[in-house]
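In the two complexes that follow, chain A is the common piece, with chain B as its partner first and chain C second.
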Partner chain A sequence: MQLATLTSIRKYYPSTNALAVDGADFSLERGEVHALVGENGAGKSTLAKILCGFESPDSGTVAIRGSPVSFSSHRDAEKAGIGFVPQYSMLAPGLSAADNVALGHEPRFLGVFSDRRRVAYDFSLLADRYGFSVNPDAIVSTLSASGRREVEILRALARGGGVLVLDEPTSILGERETEALFALIRRLKSAGAGIVYISHRAKEILDLADRISVMRAGRVERTIRPDDTDECGLADLIVRSSSCAAGTDSGSTPGKPGLTLRSVTLSRRGSDSLDGADLVVRKGEVVAVVALGGNGLDALEDVAAGVVGPDSGDVLVLGKDIHSYPPRILRSGVMAYIPTDREGRGLCAKASVALNAIAGRLRGYSFADFALGRAPLADADALLASFDVKNGGRRRVDTLSGGNRQRVVAARELDGPADVVVAANPTQGLDRSSRAALLSRLAEMRDEGSAVLLLSSDPEDASELADRSFVLYRGRLKALSGPGSDDSAIAAALTGVEP
Partner chain B sequence: MISPVLRTVKDTGASSTPKRLAIAVATAAALAALAAAALSGEPSTALRAFFVAPFSNASSILNMVELSAPLALCALGVIVTFRAGHYSLGGEGQAYAGSIAAAAAGYYGYAALGPGATLAAVVAGVLAGAAVAALPAMGRRFAGAEVLLTSILVSQGFIFVIDWAIGGPLRDRSGNLIAMPALETEALLARLEPPSTLTVAPFVVLILCVAASFYFERTRSGAAHDLYGRNPRFAELQGYDVERLSWAPVVASGMLHGLAGALMVLGAKGTAIRGMSGGIGWSAIGAALVAGSRPSAVPLAALLFAWLDSGARQAAVLSDLPPDAGMAIKALVILVVSSRPSWTAVKAFMRRTPTRRAK
Partner chain C sequence: MIHLSALLLDAIAFLAVLAPAAIGGLATEYAGSLNIALEGLMLAGAFSYMAFGAAFGTVAGFIAAMLVPSAIAYVSDLFSRKANADSFVVGLGVNMLVPAAASMLSKYVFGSKGVAAVAGLQSGRPFAGAASIPVVGALFGQRSSDYLAFGVAIMVALVLARTPLGTRAKAAGMNRDALTMAGIDSGGVRGAVYALSGLACGISGAALASSVGAWVPNMSAGRGWIALVAVYLGGKRLGGTFAASALFALLLSLATRAQAITEAPAELLLSLPYFLTAVVVVLGSSRSKRK
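Now for the complex of A and B:
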């Protein structure tokens, strides 16, 4: 039985002159995981938003269980049993996890008063049923990125019934959370639910999907079964130019310390704390730190980028305390920083793509150059072209797809030379070719003498790029032996298993 | 379509400001007509007074333009804070402080400075507005206090003190008006087109609006100011001077409000009168909203509000329309213009076709 059918869907955005979806057809069967893949900007997220009622199609029909529907809001879609997990957080940061899940559907006591105990109880039941361990009372802004993703998933499960749409759900999840999510998807599938799964990760798509639809330029170009292809074949279908490239090896010898953490402790952040972390990242090397969510990766990112000071210990950049650098100096060629929190830290969502691209080099323009506008626009175009962001300049950055936003951040941060690079989950939302381009740029910067600290929830990033790898478990760093440590060793260390 | 020569890196596509202004004008006209028809026993007289009288002769039009100048300066001040992500509600107190300081400098300084007292009055007004704004600004800078709350609390405190000063130690006892002594004519701004009250003030406003537009659209500092207003954490991580941006726009806004107060004294009023800045803070926020926080649209938005004031006053004099009708219309215009999400909802509702619930 077909749960959802989208026929000849077309969506044009006049404000940005972009034809996001151009006559796409898509269907979802009962008890099926249907993966939607394609390059960044291919129209996957727009098609998903149309199915979920966030956008209305210009033409074409959406049918749920055979009946044509016209959603005027996501609430309508929720009533029709469609849940959505967005690529980036759409939660209210000041509310608790339980309040976010209940938002808009709050249980009432005597039909008038908010029943907060019931909100927490319902949340705990839901989390328990699906195997999540988020504290119902935790304020969302204090949760790690993966914790926030879990709340998003629970929110979708609380509303949705038959259809669940997941947009890049694992982009910032660690291995343990990813496995929990996959087990959940399989349970939902066997219960008869249909799941639309948007991702760039060929391996997980092949593991999970029953059908795979490849989108290009707003159209569904091809629909295949996982048995019809392998990882590289799927990668080639997603991106026309082959992207199954091997990782890069360092050709240089590490030099002086670029970034040093000495006995750094950061507590009072629940499970996301650091406990006496010692780490030296030398110039000319990539050091990767891999962790599952809630083990201190966000805390490490914050102290390494100078966003917060440690409770004790020292964070040194080029041998000097990181906080002794005025922010302007730190960000002018000393440190490049790609944050995990792309929307909150990496971008100014309401500003143009071009301004976001050159935001870090504003001070470099003369008064006249900036006033005339030609030089900044040319620079923005060149930066965006370096990461293949097309037609971006004057659009607001929040009109771009998630992957293109990540490319804008990468284009800005990895532009010129930098003594230290802190890259936290830098490949989130990127398709394979963009991911390869980004990792290759990081390798290039290492070869030019940068000290690169790669913080990731994805062991694959570390194994492809790192010269040395560490695992962060419950706030403690543990070194892995040699570059490209094997997956089972990383997995064991990530979960705290001693060899 | 913006010409490539005029493009800046900050362009984010077509502006909605002209549409917003058109909605504001249409709403104001419709509401004024409705008020005249519903509240007046002589609707045709009220309508004529509202729509025709303010434009009946050159002098009336120029008076309206002069009336719009202080409001435009205050709206510009509001925009400076809005675009830095601060919501300062203390404009009325800042303008009032500008007025009393300008009146004091103009009156007491005339003996020493002669016509130079005009300049002294302007400087005193600007500094007084800045001083009142400096308190919430420093609260923000050093204690992270929310400007929204501190600005209105500080402003209200100053309004009480200034009311007391004008009604008490500084009052001109020779008349019934609760006001300071009138400034010498030579200390006031020259009237350019008597008998109208037009002075150089509207031209000052135009220059400042052009300068503010240039600042926001064409300078690095303006770009940093906007980025900070939209995402302070992002601005901080890009290495901008966020400490300065946390307080400087609030003080700059106070200076503009203070200048507005000074121009009121040096223009039509001739001195500081108790309660003279009443309502200007809220009207300025309304004008800033109508202008879509774009300095280039401020003169037109201020002119619209000046027309509503002028029209309501004329209608109250020439017919039996209640004098507060203008205030009510202004409030409704602000409501309509600032409720864009509701318009989106209305449009969505109009487009809506029945949702067939899936079984």
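Now for the complex of A and C:
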């Protein structure tokens, strides 16, 4: 029997003047994993939000187990057994894991008070049932990225679990956590649950899915079985091209040091600290540092970009202390920086796309340019075109999807020549084709003589681009042998397994 | 020489005014949108107590003192949510509106724009007999309105610490998406918390008015602002906020008592708590910046 059926769904967002979903059909059977793939902005997330009751469709019908429903909030969807695991954290960071799961469904005593023991007990039962080991009383902000993801999954499973919708669940997970997640998905599937799995990663989808629906421009273009395609074929289907497997190879030879870290130590940041990090990134090479969340990658990013000074040790840019550069000088032509914290650091969320794109060169314009001229907008359009950001310009940047925001940051930072490039998780939220475009632009800058430091929690980024790779584990850097380190070696180093 | 039990007696009376307002303010801070209208709401509570008390008796006075500011707070929050107005600006507006409105209404209700004493609205001291016990006697010597204010403060604190609404308010302040996932309207949670803060400030104002038994224009005299500071000084925690309120209450009572025994001008002594508040705020903020 069909667990869920979505028929001719349409959804229009007046605020962005975008038809996010335009007549999409989708169905989910008992005991299947149905993957939903497509480019950024194809409508996958919107369709998932409609199924989960966060949004109501303008037209079309949603039916659960054959009977039509109309959800007014996620609570209604939960009553129908639908759980949702969002792409970005939707947890309250200062509350405990158990409080987060119980939120909105708190058991009470005397009718008014929260029954906190019951909250913790229910959580432990739930965690045991699915084989998770999260402490119910642990405050969410102290958990690792995968711990937080586990809490999110438990919340989705806490009420019902007949249908589970996962929106890019592995984007922040390491290899081991991903495998655990897949095992769980398979178990739920064999217990008769239906799973909607949204992802960009062709390999995962082929591993996991029973059916694959490809979305484009708000419609489900086609639905195929995994046997009908391979990794490359699927990637090309997602972006409608035949560019798959175009790698990047290194050209020039490394030169002078661009960015140097000498025994940099940064502590007092919990698990996110650095312990005597030594690193030299020479001009004309890409050095990648890979780490799972909470091993010091954020600390390394802050130090390398000059946002935070180290407790001890030196950070040198072109041989001079990074803090001897006035920020304006550093950020115009010396250092390009793509931050992990895209919304906080990378963008001014309330400003327009165009202003965000030209933020680095605002001093180049006069008042008259802004008041009367077209130069700022035209320049922004030219910049944005290099990363294929559509309908940009005057829209507020926070109306864009995550992938498009990332492209705006990349378009601004990777435009001109820069001596040093610090790119932290630069491919976050990007679909396959924009990811390839970004990596090839980084390779191009390397060939033009930039020293590129790539910080990533995705080993794939590193293995595609890096000339040298390091793994950061518990604040210590460890070199990996050569560019061709195999996946299992990286995975072992990431999780601290000694060879 | 300042007599210790007299000092404590005053301090606890000041605390009865500061604590409910500070905890009410903390509730809105939990929900991610600090209500800066504590001062105005306190004054609204004092005026409502006197106006309704004069017309319908003390009980009605206390009820009105809780409901009117609660409604004002709720509507002001509704306005800032629906009209997308900055809650800070709306709060400032309330702080300016209430004294003006009270002064206008005072002319109709009490027949004058100035001080208006109403007989029978000053609360008695029900346990005054036990007040002579050394030190702890101060606990018993308070007016009944002060005990009511403490009761409300404890109730608001319980709501925050022990009920689903408290947890939801904290979630609203941390990540509204967490509430969306729970199918709860975060705006509704914020509205409820604002109403709660209005209620708490209202009882503060009523405690103030019923200790005097008269309406005095601007009688809150900055105590709402001190309560706001107590939220910050207390580290935005329940226990801390209460402790900071107690510290300020002690300072206020010291200044009042010191008038009687020193040659220093009364104005200087009475400004001392506010001055110390300013010092504490500056020190506190420089410390949090260094972290």
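By definition in this document, the second predicted complex is superposed on the first by the 424 of 499 C-alpha atoms of A that agree within 3 Å, B and C clash if a C-alpha of one lies under 4 Å from a C-alpha of the other, contacts with A are read in each partner's own complex, and residues count from 1 in each chain.
Just so we're on the same page, a contact is a pair of C-beta atoms (placed from the backbone, for glycine too) under 8 Å apart; a residue touches a chain by one contact, two chains touch by 3 or more.
Please read all numbers here as calculations on a predicted model, not as lab measurements.
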Next on the checklist: Under the stated touch criterion, which partner chain does A:Arg328 make contact with: chain B (first), chain C (second), both, or neither?
Outcome noted: first
Next on the checklist: Taking the superposition on A as described, I'd like to know which of chain B and chain C A:Phe113 touches: first, second, both or neither.
Outcome noted: second
Checklist entry - Which chain, chain B or chain C, is in touch with more residues of chain A? => result B
Checklist entry - Counting only touches as set out at the top, which of chain B and chain C does A:Pro376 meet: first, second, both, neither? => result first
Checklist entry - For A:Cys348, is the partner it touches chain B (first), chain C (second), both, or none of the two (neither)? => result first
Checklist entry - Looking at the overlay, does A:Arg30 come into contact with chain B only (first), chain C only (second), both, or neither? => result neither
Next on the checklist: One more residue to check, A:Arg474. First (chain B), second (chain C), both or neither?
Outcome noted: neither
Item to check | chain B versus chain C as contact partner of A:Asp76, first or second or both or neither | outcome: both
Checklist entry - Which partner does A:Arg262 contact after superposing on A: first (chain B), second (chain C), both, neither? => result neither
Checklist entry - Is there a shared patch on chain A that both chain B and chain C touch, and which residues make it up? => result 73, 76
Item to check | Residue ranges of chain A touching chain B (in the complex, touch as defined) | outcome: 15-16, 56, 64-65, 67-73, 76, 79-81, 305, 307, 326-332, 337, 339, 344-352, 354-355, 358-360, 362-363, 365, 367, 370-371, 373, 376-377, 380, 393-396
Item to check | Contacting residues of chain B [partner chain A, same complex] | outcome: 6-14, 214, 218-220, 223-224, 226-227, 230-231, 233-242, 348-349, 351-359
Checklist entry - Can you name the residues of chain A that touch chain C in the complex? => result 53-54, 73-76, 78, 84, 86, 88-95, 99-100, 103-106, 108, 112-114, 155
Checklist entry - In their shared complex, at which residues does chain C touch chain A? => result 158, 162-164, 166-168, 170-171, 174-175, 177-185
